[in-house]
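Structures follow.
Both of the next two complexes hold chain A, though its partner changes from chain B to chain C.
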Partner chain A sequence: MTKKKSLLNDQRFIALIIAILLMVIYFVFSKEFRKYSSILSMLDFSYYDMLMGFGVTFPLITAGVDLSIGTGMVCYALVGGTLVRNNNIPVAVAMLICILMGVAIGLLNGILIGVMGLAPFIATLSTCMITRGIGSMCNATPWPTLQQPGGWFHSIFKLTFGSGRGAFKFPIGFFLMLVLMCVMEFVLNHTKFGRYTIAIGSNREATALSGINVKFYHVMVYVVCGFFTGLAAIAYAAVTPTVQPGTGAGLEMDAIGGVFVGGVSATGGYGSIIGTFIGVMIICLLKTGLPYIGLQANWQQIITGVVLIVAVLIDIIKKRRAAAV
Partner chain B sequence: MGEVILTMKGIDKSFPGVHALDHVDLEVRAGEVHALMGENGAGKSTLMKVLTGIYKKDSGTITYFGKEVEFHNTREAQDAGVVIVHQELNMVGDLTVAQNIFIGREPKKGIRIDDKKMIEDSKKLFERLKIDINPREKMKNLTVGKQQMCEIAKAISHDCKLIIFDEPSAALTEKEIDDLFKIIRDLRAQNMGIIYISHRMDEIKVITDRVTVMRDGGYVGTLITKDSTKEDIINMMVGRVIYEDPKTHSMCPPDAPVVLKVEHLNAGHMVQDVSFELHKGEILGFSGLMGAGRTETARAIFGADPKQSGKISIMGKDGQLHEVTINNPQDAVKAGIGYLSEDRRRFGVVVQKSIIENSTLACLDDFANGPFINKAKEKKETERLIKELATKTPSADQLVMNLSGGNQQKVVIAKWLIRNSDILIFDEPTRGIDVGAKNEIYKLMNKLASEGKSIIMISSEMTEILRMSDRIVVMCEGKKTGEIRIEEATQENIMDKATRNIN
Partner chain C sequence: MKRRVVATLMSAAMVAALLAGCGSSSASSSTSAASSSSSAASTSSSAAASTSSSSTEAVASTSTASETASSSSSAAQSSDDATKQFDGLKAKEAYNFPMLVKSFQSTYWDAAQQGMKKAVDELGVTYDCQGPNSESDIADQVNMLNSAISSKPVGIGLAACDTTSVLDALKTCASEGIPVVAFDTGVADAPDGSIVCTVATDNAQAGSVAADNMYDAIKDEIKNADGQVRIGEVNQDATALNIQQRGLGFINEMIKLIKADGKTVSVEGNEFYVNNAEGADTGDTDVVIEVAVPAQTTVELCSTEAQTILSKEDTIAIFGSNQTAAEGVLAADANLSVLGSDVSNGDVIGVGFDAGSTIKAAVQSGQLYGAVTQSPLMMGYYAIYALTAAANGQELQDVPTAGYWYNADNIDDPEIAPNLYD
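The block that comes next holds the complex of A and B.
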């Protein structure tokens, strides 16, 4: 391979084109979609997927996975909400609890996988079940809504100016995501943690024999993922009227799918947060956008599945080409 | 030698940007062992892939038993009696020997696989090869040598007339190589044509009848083995003269201080009560047969495998020996040890990553301010090492998988030099590296030693041991069986110690 890097060779570029294409189609064919409020609501429901996506990118780069993020997210949101309602703790504390629980489950995942040597699939499948169980013990919980005191926490993701029908809403969350994307892209490419994450995904044994504490960094990969799941729990609580116990299974798949669409190698060793951002955006466009152009929600799953296959195929074909040179 | 069974004439093959084969000729007769030699990248494998239908040739003719042929895949080649025994064994570890040999063409009884017949047929094959392997054994329980025998059994079960060995001896012990040669001679006596690809000059002299040499994708010439010398062949391969003289005396001053002292090291059954000393600026060769426990000793010292007992002392900054505790590779690296694995692709380099990322992997701390990496500094230091080691690459950003074996090895060396490791353990430093690059690695090791680095070199090649070592430790079956100064070392007394525990 030469230094020449064609844009078309970069899966992120292809993903970006697909995302733009989807938007154009929606814009052209749906009057409804062109409304500001539609875009706003689509963005609302993208934040938690995005945050989970940022987090799970790291395990996926190490050729692992974290299946516990979906149920984990709902579980932390439920616990936080229950504490706010029943124990009257401040919302800010509840948010902190979400993050801490995420980190704790991430640590558990990390130790099971990085230190004990469990397969990531099995370890996180177990914690997926555990977090779902914990979540089921809580009652359906609405986090404080806008009208109630403590509603400030919604404006983390959406600023509201004015009131009533004339209120103008600004999707500040989207810009938060952009900032986080830049930060995590930097972490991945310019810090030791990022470098070692990639090295572990590429060749764990060679990395260990270079004298690096791979166990520590392998655990940290899942801790970071857990941290972002905690953030996702906050975003989820902020947009969901009532968090339902026993739900959350399957939500991780949107995030993981998005990461793969964004170009993370399914065999580990390569990934990018910018790619994840675009990939999750595509998933969200498919998830919330298809009804606007008259396709039933069922189609969303099918089309998402097809997009995922295409994305992974691109990865495989690229590798084959590289190997053939 | 009998009739000509295969003639390849004017074979030409290009890949985008590479002229891989430039009008290459090859002729193989029945009942001959024909060596195909050349440095890595000379086009040997490509030529064999063209022959067996993996690649399609651009031009040229292949004549097989008087008829012009073109195989479109390995299956067609197999059916015509042309089979290849690969360097990497293509065996399914969890299946039995018989199941492996007949995989894809299992004998059937109704809809059921006829296991009885399969095992009977396997037994017949082994009888024909005069080897003793139980067809019911799981493949993974066999030694590499035995696995190779199974691969050969599989090849001859195709009723083959032309059999290609692609570096068959790379992973074998001397004893296994002897067995292999016995089989090859038998096959030759059965009037088969045999193409033998190898880097090992000694073997070529022993086993082959003719040698065809390739260089840079072109045909250089064909020699009759018994009428030519080692130097003739090497000169044809590299186009330059190489001296493989053994070292006559130690380059290490007799009063050099001890930098590493290992006492009574025990680790599993492959390392039993091993003690030795390594001096500053010394190249200490570790000789022995495959499975002697040399790599295991190195891995135990490096903390890659657990050890049961033993004391390791390393010279500190004060010039005194201090006992160190090494529980994992991190401890070893901190103590100043660098390990260059025999299996580079698995343990040495991260192939999908750039030279820079590989070079600084062991000491990112030196290139980081807190958690942040200083990429400019990384690049500068890597480029300095590329220059110093004469690594052939268009840039420091090149992915390691695009480098040749010799240059990959240099990247690993760079990694430990940047880490400033004083004790370097080279495990089979030139395995899979071609003759020209080998010499560069040797020169580099000598230079490092003269600059005061201390080197442990594990090698299965006698010529390499005799050429590089200042002192030689010989191991056999997990025990140290001797220590020889280079002045007294001969092939015979090393081999004597290396086989001391056997029988």
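The block that comes next holds the complex of A and C.
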């Protein structure tokens, strides 16, 4: 092994440069983007992608995937919101229900994949449909707004001082994400759970042969992913005026795409939460920033697709080089 | 190496399949709840306007509809001609009609039933309302339709969850001579002789109602403006016929109003709307109508598009042309706080479409200047009238129903309130 890796060999560093480059381009070409409110909105809509990204990093490292996070997130937000509205349960309890549902679906995914041996794509595609179905049983549901009773949960992500046009808003959620990032980076690299996750991704057989309870940790990977999806549901409810049943399909792709941009290996065995953070940030910058520089919808999608291809290509080229050495 | 390439290719294929599969379905369902109805109306009023399903023709034909509608700013005007055919209508017998709604999930369908009740009381007929648990239970509805046909009714009212799935059943109706009235949602490719009348929203007219009312609030601002002013429109897509008609109905009416006051106006943004707008000027104009269409039909992306427009200093008004787009406008305003009703004070006039508790609350608080609602109530009402007339053996023409303006003042009016679902 080489002693010190060059920064340019680290995809996270490249991703960070891309992110900064995007910011600079937006700042130069759009005076609207320079407004504080634009940055606030971009951050508002990045939290749930970010939380889903943190969660889904783990299955992706095991060379699996979780496709149920998008519809799952919307489903939990719908169920939680419906309970608040129709059954008058406190918002805190609804938040807990979101998380518990996330964990439950995660557990189901984990058992299907880790114990029963279903392919992750098929298992989570099924739960994607199931959660979408459950969500469709609910009506379109708004969670309480900041002004309504129970609206305090908005302050988890954004502190509002004052009201009306003069109000000052502080994106506390961004710092929360930074803290979470550090915690999960530690979990991934310095705990049993994290190390075994990487080991399963590198070589499940070998990991099992070395006496590790692979089934348990494989299940746990999806439970953690589900837990974060539950958190994402709360962040989603905080920014979406009305959670609509039947939506959510496709939202997982923003998170999964972000994780790949952040350098998780498409074949498993490597990944980092810091990379995920930067990768999801890039996806959010592409998603919310491109309209500011006047790009029409079709171009936004094309560019996002190209960025994804480039990110995965870098991964492949890096590996080829490593293999050649 | 090979394996890696294969894996990459496969995952790309998966993603593509997923986007294709989930994407298309979400396009149709994302408008859901509210819009279930409204998205539905898409196909419908095209069918109402012309039997051809080609979008260009349909747009052309509806734009004429909007002209007739806009000649008077009142909402009910456009459907006047069509409803004349029901003047003095009496049921020859005490008919009973099976009415198939899309679901009982949304209060939208409660409103439709209120209209049906009103009509059966007036005509002395009866109806049985049936519907699946949710609007996506397409097979259930088809089963209900088939069992309704087997009881050989004198006519069937149908708001199809899925317009292609009902085609076989409609063929049976045609061969057995059971007249079908499509309400809320038209069936564009219905077999000849099956659907005798379509009762659905005239989306071009509904869009023009939004323009008329918005213009009242901003005309002084346009008249006295020093430089260029900007009017925004957020359409959730440029492909669904109902959104196209509504978006263009708004743009064309706005162009006409602005030009009538001697100002120049251009349209920029999404190509479809720019190319199909009628009578717009080019170059440096007094007013710019900027049309934004998000990459996907989510509130989040609608919000981003709305935010780019609302962030511009010269923006004076914005229109969100369905529930998703209007909520996107509201979400964008969460950080900007520029919407209001006092234009001279720098407020931006926001106008929405459809209902839902978020939009209703925003209209009530004055954050939105007002919104346009479709009328499920009138659709249910005229569906019963059309069925009765058909059972009497009368030839029918389609009935376009109007979009109605509502704001904080009339939101509780008995004619408006039932149409505003939660």
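By definition in this document, the second predicted complex is superposed on the first by the 324 of 325 C-alpha atoms of A that agree within 3 Å, B and C clash if a C-alpha of one lies under 4 Å from a C-alpha of the other, contacts with A are read in each partner's own complex, and residues count from 1 in each chain.
Heads up, the rule we're going with is that a residue touches a chain if its C-beta (ideal position, glycine included) is under 8 Å from a C-beta of that chain, and two chains touch if they have at least 3 such contacts.
Bear in mind that the values here come from a model prediction, so they are computed numbers and not experimental data.
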When chain B and chain C are modelled together on chain A, clash or fit: fit
Of chain C and chain B, partner touching more chain A residues: C
First, second, both or neither for A:211, with chain B first and chain C second: first
First, second, both or neither for A:90, with chain B first and chain C second: neither
First, second, both or neither for A:193, with chain B first and chain C second: first
Chain C, chain A and chain B - angle at the middle CA centre, rounded to the nearest 10 degrees: 130
Chain B versus chain C as contact partner of A:270, first or second or both or neither: first
Gap in Å between nearest CA atoms once chain C and chain B share a frame through chain A: 12
Residues of chain A defined as touching chain C within the complex: 30, 32-33, 35, 37-38, 40-42, 44-45, 67, 121, 136-137, 139-140, 142, 145, 164-165, 167, 169, 239-242, 244-251, 253, 266-267, 287-288, 291-292, 296-298, 300-301, 312, 316, 319-320
Chain B residues touching chain A - in the complex, by the definition given at the top: 15-16, 302, 304, 328-330, 332-334, 339, 341, 346-353, 357, 361-362, 364-365, 368, 371-373, 375, 394-395, 397, 399, 402, 415, 419
Touch list for chain A against partner chain B, complex: 1-3, 190-193, 195-196, 198-199, 202-203, 205-213, 269-270, 325
For the chain C and chain A complex, residues of the former touching the latter: 1, 4, 7-8, 11, 14-15, 18-19, 22-23, 25-26, 29-30, 32-34, 105-106, 133-134, 136, 269-271, 292-296, 298-301, 303-305, 307-308, 311-312, 323-324, 327, 330-332, 334-338, 356-358, 361, 422
